[in-house]
Amino acid sequence: MGQIILQDVTKQFGTVEVIKPLDLDIQDGEFVVFVGPSGCGKSTLLRLIAGLEDVTSGTILIDGQDATLTPPAKRRLAMVFQSYALYPHMSVAKNIAFPLRMAGLPRAEIDKKVKAAAATLNLTDYLDRRPGQLSGGQRQRVAIGRAIVREPAAFLFDEPLSNLDAALRVNMRLEISELHNQLQTTMIYVTHDQVEAMTMADKIVVLSAGRIEQVGSPLELYRAPKNTFVAGFIGSPKMNFIDGRDAQEAGAAQIGIRPEHLRLSMEEGKWSGLVTVSEHLGSDTFLHVNVDGVGTLTARSDGEFGVRHGDRVHLTPIEERIHRFDADGKAI
Amino acid sequence: MARAIPTRQKIVMSVIAWAIAFLIFFPILWTILTSFKTEAEAVATPPSFLFFDWTLENYVTVQERSNYFRHFMNSVIISLGSTVAGLVIAIPAAWSMAFVPAKRTKDILMWMLSTKMLPAVGVLIPIYLIFRDTGLLDTRLGLVIVLTMINLPIIVWMLFTYFREIPGDILEAARMDGATLRSEILYVLVPMAVPGIASTLLLNIILAWNEAFWTLNLTAARSAPLTAFIASYSSPEGLFYAKLSAASTMAIAPILILGWFSQKQLVRGLTFGAVK
Amino acid sequence: MATQHSRAAARLMMTPAVILLLLWMIVPLSMTLYFSFLRYNLLMPGMEEWIGFMNYEFFLTDPAFFAALTNTLLLVGGVLLITIVGGVLLALLLDQPIFGQGIVRILVIAPFFVMPTVSALVWKNMFMNPVSGLFAWIAKGFGLQPVDFFAEIPLLSIILIVAWQWLPFATLILLTALQSLDSEQLEAAEMDGAPPLSRFRSIILPHLARAITVVILIQTIFLLSVFAEILVTTNGGPGYATTNITFLVYAQSLLQFDVGGGSAGGIVAVILANIVAIFLMRMIGKNLDI
């Protein structure tokens, strides 16, 4: 079981309110991603759940029981740190065995579980090495191994992939997702990377300045962002925001249109402008277009769309894909 | 990038440096040499530097006459005992300061440092009287207690600077892994801090070994460590240079060797981490 | 940052060290303070009586006190001067590329590990003895009258011995600091046309400031309480020529058994040390980042 409920939780460091009062339900078996820019409080929120920090006020329920004052060791949660936090003086086997040793399991059982975890994570050949002798990806796996042997109620991941190179990151992303499918255990995952959030999450929690901006499935957030912050944060490249006359016509203070929802044409369209930069990625082409009277818009087209710097193109938004926002940035 | 240094300049510098180093080291060298001379050769004019009849008789005499080995053991027990006791008290304190810093942490550290500035004579009489009345005078236990307190601030400071370099995540990971505070310190912090703890140990053994206020004032024959043992040569036996030299060589040799091993850590330890 | 649990644990874990040091400071110090107001001589047990500030009056008006105060300042100041100037020069020298740097370092650092009683006795007997010491022999070799160190320049002799013990310490710390100086800074200054002396003044010396502060602090702590060197060489004499405050208090209490007077002296020593400490702590407080 791994149901976690936050009720009216706040956190202050001195006089700074890092987490504003917030409620959050995390269901058993869910993969929840906390995402937001740096300093938004997502890591603090994770540490509150872990018990590494005290909440200033509010309640944390784990499986229906009040865990607000429970020390981290007793919360049955496992955490994978950004730095992996492996014990440098212990072998891989001992690292993975450490939580079991602390739980006082008999040696034979510890050995069995360590071997099983190592097999799952392809670490069998490295059991006698020290963390210092491993590559980044292997260290990451050891950290995960140390977490899974405990069979925790939930896994907490604190930006676990940020120290890996791009290729490895994609791999580990898949591995973690597979692990979740296999174990069906609650996972809470903190990242600043919206791609990780979109690809892995059952449920995304978008945070900004200590507040939850929106909670929802990746597609919900993509289709119906509640405000300009979420709209701008989710999706890549970023949504285009347009105010002024075009917004007023649509009955809003500001409208937003994603680059993939702009139809491109060489002949005619609602807006026209000059291409400043065109980025050819092969599968896609991203055009930065300086539209007269509107500003720079980003548009996506297929990979072989052959335009160059200085060409004039025409853009038309898909009507039903236009997001309308009021003067406070809230979606209408 | 390093530049090529003209060889001539390097040779000149080397000669000067070696000459000065030799002069600084000379008193120790001279003591060691003299310890192998006969008393007559030790005071001979002109002094003989290397060409004399080397003898070990002084060492034998020193051991027989004043029981060097007993004082040596006193020094070992007192310096090791006080350092280990200091570490046991200081490790938890340094853990607190390094990993759970509070507003007052800096104040407490500075206060601890300031106790080092309390002149020993300010508390000499009460300690002397307390020790006299509790039978601690001239006991190794008494000196272990005093030297533990004397060196405790330095031990806390040194450990603090070493602990501070250990990432807090790893201790938090241990906590998440279900470790109690005791296991966290015993199985995670201490093994990771072994190099730091070892150099703290080494430096404090050196300081305790050479401490020469309390050891001179609180001991007599029974528990006197080497500092007090050598002081007994101040007169009139000091005039027997060869024997004085043999006793001195034996008193400083162990710590000289330890000291050479620990010179890197010494800087860091004695400057409270301010110079690395 | 941490939780209430860990903060409570932290307080608990700090307690033994703090309590022990507090006891070590307060119990004996308040006893000293109390004794300093008593007529209390170990040779006349049972005769203790309250005499107010009499002990202080005697101690502070005793000519020995001023001699001791001056000697203490001269000793601390002299040794600091020699070790810091010498230490900077030696550190600069050892920072140069030289053959066998490791061995040179080991030779230079060695005196620091020699216990005070040994170094004092070795210097006193084998070097400074006016008849059979090495210095006497050298002097005679040049046709000079050998100096009777402990009769003619007793305090300077002790300063020399103590400076020999502490020069390695200063050198080692300054050398370590020097090695952490970014060589590109010096090269940039050289490119800017700064001659060696001004490079030293404007780049090296400021870089060493922190290390020098630390050397002053640490050495002062130890130098204020120089004791063994005096005990085994001159016993404070001739007269009071080499008596520092520490030695004076020792002599009063443990040689003359005048606990009251000695305690008053001890308190005076504590006050003096505190005055010095306030300056030093300010200096180091600025220089240590915690």
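Every chain is named by a letter (A, B and C) in the order it is written, and numbering of its residues begins at 1.
FYI, contacts are C-beta pairs under 8 Å (C-beta built on N, C-alpha and C of every residue); 3 or more make two chains touch, one makes a residue touch a chain.
What you see is a predicted model; the values in this text were computed from it and never measured.
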| item | value |
| --- | --- |
| Middle chain, criterion being Cα centroid separation | B |
| A-B or B-C, whichever has more C-beta pairs in contact | B-C |
| Rounded Å distance between chain A and chain C, as computed from the means of their C-alpha atoms | 59 |
| Centroid distance [mean C-alpha coordinates] between chain B and chain A, Å | 54 |
| Euclidean distance of C-alpha centroids - chain B vs chain C, Å | 16 |
| Contacts with 2+ other chains: residues of chain A | 52, 71-72 |
| Per-residue overlap in chain C, given as positions that touch at least 2 other chains | 2 |
| Partner chain A, residues of chain B touching it in the complex | 167, 169-170, 172-180, 183, 187-188, 191-192, 194 |
| Residues of chain C defined as touching chain B within the complex | 2, 6-7, 9-11, 13-14, 16-18, 20-21, 24-25, 27-29, 31-32, 35, 90, 93-94, 96-100, 103-119, 121-127, 132, 134, 137, 140, 164, 167-169, 172-173, 176-177, 180, 210-211, 214, 218, 221, 224-225, 227-228, 231-233, 245-246, 249-250, 253-254, 259, 262-263, 265-267, 269-270, 272-274, 276-277, 280-281, 284-285, 287-288, 290 |
| In the complex, chain C residues that touch chain A | 1-5 |
| Partner chain C, residues of chain B touching it in the complex | 5, 10-11, 13-14, 16-18, 20-22, 24-25, 27-28, 30-31, 34, 43, 45-47, 89-90, 92-93, 95-97, 99-100, 102, 105-106, 108-110, 112-130, 149, 152-153, 156, 181, 206, 209-210, 212-213, 216-217, 226-228, 230-231, 233-234, 238-239, 241, 244-245, 248, 251-252, 255-256, 258-260, 263, 266-267, 270-276 |
| Chain A to chain B touching residues, read off their complex | 50, 52, 71-74, 77-79, 81-83, 85-90, 98-99, 102-103, 146, 150 |
